[in-house]
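Two complexes are shown next, each including subunit A; its partner changes from subunit B in the first to subunit C in the second.
Let's look at the complex of A and B:
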């Protein structure tokens, strides 16, 4: 498959997953928390497309609603980390000198600590729900973004068009946004795509460990968490479908990021 | 127009321009020539007060009665905006790659004189036509245009704003000989419209083609100044003689 066709395929797959989760209210066949104790552990088939769980809740409806929660947490947290990373990296790269040195040493210290430790520490303090998770993933996921922004700002701030803008008295905020940030967007976009895959993974991991999204709100992660025991009694559908969607979502995001990275590299070397 | 007396520039204590004095007469094209590292660009950076971090300038640069080295940042900002126009070496690098030409040319020209979009389009199209450029370029991105076209766009902006002094730092070094000739023709046109030009170059052909006066620099010092015809006919410094010998 040509790289463009690959990109179209993975974008379409991700688009389909996003559309289905966003339209979950329309597509869901039953309320997500409605229990039907007469049909617990029903296998996929008539009445329940993807079967039911140990409380008789419809897996298909929970899968769609869970996807909405997981992806909302991922998108919002990545947006938060993007903003923090751009501000931190932007100040460090543009101001330079001692400010840059101090800010980079702090960043290196933060990067040297595994982010899961930060996440677990925050989670222990905040005992967060959906918004708490978003905040935690956002404030612990900006390190790479900051480094990219800093290196791009350092590279671009000496470009002639920035010198011209300074000479013509262009306000600093316009140089920062219109000249530096605007031209840093291609590599930033690629990093953000990978961060998105990482954010989905962190939400799923924490919820799978039982310290993420509370059980009352379905998410792909806590659906997997609940499915651990069900697998032992042969109710494979409760774990397989969320697992498959997590797999396909992260895979498609990573492939999209990889394709964009390669196309940027080709353009750079052209 | 502009006079430097005892200008010195040091970067982190290391001298790059030493005790240089020169004069740029009004209405003329003055060329500053020298090999790479001779201190030409640093001299220009000093007079624009746009020196890199760690660099320090001393001496005096007087422009229209103002000592540029002693002017406040606000005074310098006004001078850079209202009296100077600068053309850099790499035309492609002088334009923001992600913004269309019309917005950039507007910012470089009409935006500086307070014209609205309508009068900008009208005036700019006329100037572009004079420079043999199609108005189509206004809807293009910089990377869609050649280096020569982009340098002409710069000249178009300079013609639009008509500033007292144009500083062109190695404007022809990225151009082939044919495009270079064209560019120098437009530079002369700009000069004839009343703008004093200071051109920085290491190419003696450019000096001979376009300049009226020349300043020869070597290792941070000015070794010879004078009218181009005189210097080329009767060079007094050994370095200028070597430069002339290397021309053929």
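Let's look at the complex of A and C:
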């Protein structure tokens, strides 16, 4: 019961953040790129709820709009890696045999490489906007998903109902989607939640370093790009608020994932 | 430890490095008009035609991509990583300058993470229901949810700007003597950021396996027979340590990825910062070399962990679990 309350709490927090960023067009008090050079670095307070940055842009408005970009990149890239992971792991697990061992050796090798390395290799050549970033995080983030899909498929493909379905001549694609994939969804869901946290991490880190989303598009990461210099002159609000929102978002995603993982474990071992 | 086992592990390591090189090479060189000039080391104007031809022949720059990759592989195996496109110096010597700093940061933070997480995990796990036991998982989730670079920014603000006790960035003071004490001072902040954002994760993992161990029959039997608590503690740690090591191995790649970002934030002049920089200026030979060296460090660490596990785990030694 207690853990259920926690789950509700973190879901609502995440929901609130999502809702605010999605409604950014309504809630934002100023256009995100509107510069007001008369009031650069104004502290939080009247006129600017959370202050302004070094170009006099409203931090609150940029925070909402930036959240939309950051979260959209994260969600879309996770969706992409979900699809790749399911296909790769599905083939490996269902076909089995020689194909499986080759695919698994490759996957083992891929897993032991910091995925950030591939992200950097991609970034060096494409450095596109939002879509580029989404693509890069997506194609470098599917390894764990594939491993889980594979082990679930192997576990499930010998189940009686799958054998029965085969006996009745159910088409392969229906066995794959209707039986195997559908029954692997609970553990897949958990891993996807954690992937989401990872995707937010990568986007904000790269954009912060100036090699992620281009500066013309506000995202939580590149709002922090200048934060280091801003702090030096005492403008703490520019760095603190985006960071705090990133932290709360990742925190709620992690707590939700944790709660789902535990409830899954309890159900399986009950 | 059998020769066969070592051979198998090394093969796997080589396979990893091969895949890393293959993928990164193709990702980087597939883009049109990118890399050929990069290999001239930014000296395209000053190089003579003969020199250009020599480089171009060594790296097969005018041939299809797969031949280029073969040439690159051959040169790399022989120790020629090419010339940096921006600095005009051999990639190998640039990497050589950076490597000690990265290993220092990696080694020091890993050391404190292991010590800290074993202490925290054991203390929490051995006392179920205590404050530490209940608080550790929340701490672990919270600390691993903080973006390392943001924690770093806050640290810089607090310790460098406000308190002025630690240098804000770099590997050594400008005009300083470049001595050991100076380096350590610069190391404190980046290393603490890495340690703080990771220690909870590992501590929590150990805590959970310790809890599983103390619930098992051998511990109950030992306690019932009046075995000293210190002895029990030792036995429990020994058994919980193997999955912990395994977890360490699984997470080392992402750990290394994280320290790239910390290096870049603190301008710690190591490999990570170099990688980020070479992405920015599109210095392909340097990036390729940096990626390979990072891959090598990860592969070697994984190998070391495997060896350690092999020596500690009798089951693995007897080949019951397969090598």
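One rule holds for everything that comes next: the second predicted complex is superposed on the first by the 269 of 270 C-alpha atoms of A that agree within 3 Å, B and C clash if a C-alpha of one lies under 4 Å from a C-alpha of the other, contacts with A are read in each partner's own complex, and residues count from 1 in each chain.
By definition in this document, a contact is a pair of C-beta atoms (placed from the backbone, for glycine too) under 8 Å apart; a residue touches a chain by one contact, two chains touch by 3 or more.
Here the structure is a predicted model, which is why all the values come from computation and not from measurement.
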- [ ] Decide which partner touches more residues of subunit A, taking subunit B and subunit C as the two options.
- [x] C
Open item on the list: In the overlaid three-chain picture, which partner chain does A:179 touch, first (subunit B) or second (subunit C), both, or neither?
Closed with: first
TODO: Using the touch definition from the top, say if A:168 reaches subunit B (first), subunit C (second), both or neither.
DONE: first
TODO: Return first, second, both or neither, reflecting whether A:254 touches subunit B, subunit C, both chains, or no partner chain.
DONE: second
- [ ] Would you pull the subunit C residues touching subunit A in the complex into a rising list?
- [x] 12, 15-16, 18-20, 23-24, 27-28, 30-31, 34, 137, 141-142, 144-150, 153-154, 156-157, 161, 250, 252-254, 256-257, 260-261, 264-265, 275-276, 278-280, 282, 284, 287, 291, 294-295, 298-299, 302
Task: Interfacial residue positions of subunit A with respect to subunit B in the complex - done: 96-97, 159-161, 163-170, 178-179, 182-183, 185
Open item on the list: Using the touch definition from the top, list the residues of subunit A that touch subunit C in their complex.
Closed with: 105-106, 108-118, 120-126, 197, 201, 204-205, 208-211, 224, 227-228, 231-232, 236, 239-240, 243, 246-247, 250-251, 254-255, 258
Open item on the list: Which stretch or stretches of subunit B touch subunit A in the complex?
Closed with: 48, 50, 53, 77, 80-81, 84, 86, 88-90, 93-99, 107-108, 111-112
